[in-house]
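Written below as structure tokens is the structure these notes are about.
Letters are used for the chains, namely A, B, C and D, taken in the order the chains are written, and counting of residues starts over at 1 for each.
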């Protein structure tokens, strides 16, 4: 089936099997391997991207469902050479170690801040319920998101 | 070991009637709305439908509105939309709570209420609220439209009154404005599904509870009302003894049907159903 | 002089590629002509393979080959920790099961196809007929008469019996003469490491050159080259192992698994690049698990609180086959830890290593040392209660007094340095322990159940002297090496054999070099993870990278510095002993204005127009380093929890960690290591546990059932530290990768039991899930306290 | 996994027994089964293909159904073993009948030992008990439908 999906501002047209998951379309068809896969039951959140501005686990969506939609992946978050404030905050606050969960964490938290620009620490912790990290104990991830919210909130 | 679905035929009808036709024509077809129950099962190849009928873009199934206080929620409304809807908060706060507790933010962004109710997972949150709130499901199928009360819709484990080719189009919930209502949940720490979820709807006249609806989910194969608990609460002033009695009544009502698993054995679930009833009453009255 | 870079919490140099999605993990690799491998795995825990029918799979679209075990020509997988004096038996571990499967997930066939979807379709179509055999999953039960036998050559499923003792007579006497003995049966439940990146391998065979390259999710590429060479028959100089970005390991990427070797083998068969990546469910079934002990332990003491002896008998589950380091974990890394931070004079640990129809068990974060620390700290709390002493006082009474350069403990180790009471005092100060106890008492009167847990620990890490490795049967060395190479313009590449994967050594090691030589951090690149680019090393595990590879690096830098000093002396026409160094500049004593920078010196040494007599050109040094001893970090942790008796839910309210890993190169990174370790340790106490049914089916086979800790399970941790340098590390540094995991499990466990004192609850098996805590409260004889 | 349950038929015990022993009736009552094909040389043993499952979790299974230890009209053993969806299901159920003359009901009690291997074991943990109960209920309801209206 033919699909046309806009990813990070570029329109990609491909003929794909309907069963192809969006995450495989992104990683394997387009070679955008910043989006990672950490589980097979929609729990871990490593594959989180934005679809039409809202966070989505791209393992829980068929690529055909994304036909005609706008997608942002971790590769499309920075504005040219300028890191997104969330990326900067993760870097500044040691919000990552092995980095595998990081793209999903950053995508989930940037989407979260759109709905809740001034979250409390508790709200941040709750907002991460769809994302696992095994390295950081979440401590510096929470700190990073808090810092980003302060920076972005001005 | 898979995380890739088996092959299937994919159809994206442009109208509700076309969707119903496609589903009616093929016993092995499945409707795909948000896909947040179906796709995980397909990824594991536990579900291998021959055909998916993607209803995710049908405008007929979208939108949240109120009509004389009755909430009307299009089947394709996402949990996040419902949780954030001021209409829902006003008229059925418990549903806003419950949809805000489904899965995680990503799931709530794309999972739909219609898909959720049709799937009828026993540990899901919304069925419990729709049942306690006295909701009605509007269905459309090859033989036309019909309405089913939530009381009659949930039949058993993953089993509803939906007939082949039928879809949920929208869900109506009478306004609970003025009634106390709340949903509380003990979540499985890994899956986030409800071990126990309890919803109460209490109509108060001064200190007296003049009517009560109580539903429990998670503990039993389907969201279940507890007539005995409702009876204990009705006519009481929700004093500790009455609520304790209602909790005990709830536990007795469901005793034979309680499910157990590794994380929450039957006796624990049974006890928690009572505890969470008490907490639901507290939350409703808070 | 500027701020010293050693000790500065600079941002990580790894991060830009990781936060932008540019990092390349193994599964991200692509080569033209690539094909995909999927495994057909046993759904049974114990069965004979009767027949495998691959015909349907072979006929499917895109399928290139299907192989069964009989066709695979790899050598068996070796066990590489052959603990001595234990009658260890190492049953054969074929890469693909041929006659019998021994755990759910044991591979029985391989499918290769053009796409992954096709490979998985075809794997589903391979028909395997089994004769199902009875299974056994409990390591204690597996040793009993009549239990199902996994391997014909392992009678009673006992792979080894191992004893560590300070002297059996003394131990017997201590227990016979004790005023009080406390005992406990402890189940160290199985844990699933769950590195966020599943395992993956990508192999390329060059038929003409007979060269094999394998990209590999590994913590130790050089070990994997060494072993893979033996398994595949490809000689080491023709075999290149590359660890690209590795998404966490926690021990699970140390062992040599069949899958990676099979990926390489298929590449050799087909002469095409082959990729294999496990799914998470597959990861839970076949990637190693940790812990799995049933322990019978006891502690003897005098009435005044002097502990006189500790002993234990441990049934250690090893799984269906012996994993690479499997036998070493519950023995060497466990029994030798029984001294803890204390002056225990009599110690004995007996470990019975048992084969069961389960996923093989190997090193998981802390590996043996968390299990030992748990039982010590658990018994200390139990003893405090028996003696009616405050648990802090009991610990204080038995702590080893401060020492700076060596302390012998009864089990036979020499600890390097320690000041345990200082760490304990600091932690107690942070929480205001006495006030906290008053608060607890007050809360109880209001029906709130707060619990306080305190642990002191000392651990063994920085593995370790190679001589010791040999003496304890480890089939390799444990030294590290480093090469520092400075280019003509003064840019530095440092090559290390260790293989960090999230720990941040690209940053901290650059800080070490910068601190020693004065090159700015941004001019230093740490090269690791590629056997063709780095010198030999034994890998990243056991909190050894900084203690061992870091030491090699510091010594290489110092060698380089001496060369630079000699060159500077030559350039400044002074005697070498008159040359001073500061901040990357060399100058004649007293004349800092007339200095040569390290970059200038490098250039002159590299062009080599005018070298001092006898000096070789270039600015490059290499250093091998075999540590003289382990390092022994230590600390004290405190947890405050509240238990909701109605639901059994445990809420962690505060967590305080005071750790001492010597001087910290980068305190932000150290804190990150501690954070992650604490959460994994608390995971064991409260959330995680792999469960098999009696037939060997893994019931917690996905992330939907195996509970990983989440962000909202925790408060902000309160961290502090003391600094006690290791006397033998050139920069005084100890390891810190495992301390959090080692300390936090007993700390939180003891806090929960403390909270439940009014109910008389003494023991609950981990993890302390709400239903278990609730059940314990229900069953408690004195549960009237809860009314 | 041990499971137990009971079912009440508003029929005489012999009638219930007869329908329980009738392969055509069993085939009709087993959810998703069209036909039981006798296995040659094995008494009271049939091969069946079934489309089994609940809601979205549904797949093709093939297996063997066997009746044994018959003690008419009181007790027998029903053994089912099947595989599909990367899973293997082995179940043996002891079925006992007794007649409650007061209520004119035949009471069927069953005690099952079910062993599930493979995918369903690792992922279906939370629901297997409830699913087994539901499917057994469907089976007995299916049998009851084939009894003459009482």
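Here, contacts are C-beta pairs under 8 Å (C-beta built on N, C-alpha and C of every residue); 3 or more make two chains touch, one makes a residue touch a chain.
Computed from a predicted structure; not experimentally measured.
Undergrad: Give me the chains shared as neighbours by subunit C and subunit D.
TA: Output, common partners of subunit C and subunit D: B.
Undergrad: Nearest chain to the global Cα centroid?
TA: Ranked by how close its C-alpha centre lies to the overall one, first comes C.
Undergrad: When all chain pairs are ranked by how many C-beta pairs they have in contact, which pair ranks first?
TA: Of all chain pairs, the one joined by the most C-beta contacts is A-C.
Undergrad: Which integer distance in Å separates the CA centroid of subunit A from that of subunit C?
TA: Chain centroid spacing, subunit A to subunit C, equals 29 Å.
Undergrad: Whole-Å distance, subunit B centre to subunit D centre, using C-alpha means?
TA: Centres of subunit B and subunit D (C-alpha means) sit 31 Å apart.
Undergrad: For subunit A versus subunit D, what separation do you get between their C-alpha means, in angstrom?
TA: Taking the average C-alpha coordinate of subunit A and of subunit D, the gap between them is 47 Å.
Undergrad: Which residue numbers or ranges of subunit B touch two or more of the other chains?
TA: 2-4, 6-7, 42, 44-45, 190-191, 262-263
Undergrad: Hunt down the residues of subunit C that sit against at least two other chains at once, touch-wise.
TA: Only 116-117, 124, 279-281, 285, 699-700, 702-705, 708, 710 qualify.
Undergrad: Quick one: which residues in subunit A touch 2 or more of the other chains?
TA: 17, 19, 24, 37, 40-41, 43, 129, 131
Undergrad: Which chains are in touch, pair by pair?
TA: According to the stated criterion, the contacting chain pairs are A-B, A-C, B-C, B-D, C-D.
Undergrad: So in the complex, which bits of subunit A are touching subunit B?
TA: 1, 17-19, 21, 24, 37, 40-43, 45, 48, 51, 54-57, 59-62, 64-65, 67, 108, 111-112, 115, 127, 129-131
Undergrad: Which stretch or stretches of subunit B touch subunit A in the complex?
TA: It comes out as residues 2-10, 12, 32, 35-36, 39-40, 42-44, 52, 54, 56, 80, 84, 103-107, 109-110, 190-192.
Undergrad: Looking at the complex, which residues from subunit D come into contact with subunit B?
TA: Touching subunit B: residues 54-59, 85-86, 119-120, 123-127, 129-131, 133-134 of subunit D.
Undergrad: What residues on subunit B touch subunit D, complex-wise?
TA: Listed in rising order, the residues of subunit B that touch subunit D are 30, 37-38, 41-42, 44-49, 119-120, 122-123, 156-159, 188, 191, 193, 221, 259-263.
Undergrad: List the residues on subunit C that touch subunit B in their complex, please.
TA: Listed in rising order, the residues are 38-39, 41, 116-117, 120-121, 123-124, 278-282, 285, 646-648, 687, 691, 699-700, 703-708, 710, 713, 769-771, 774-775.
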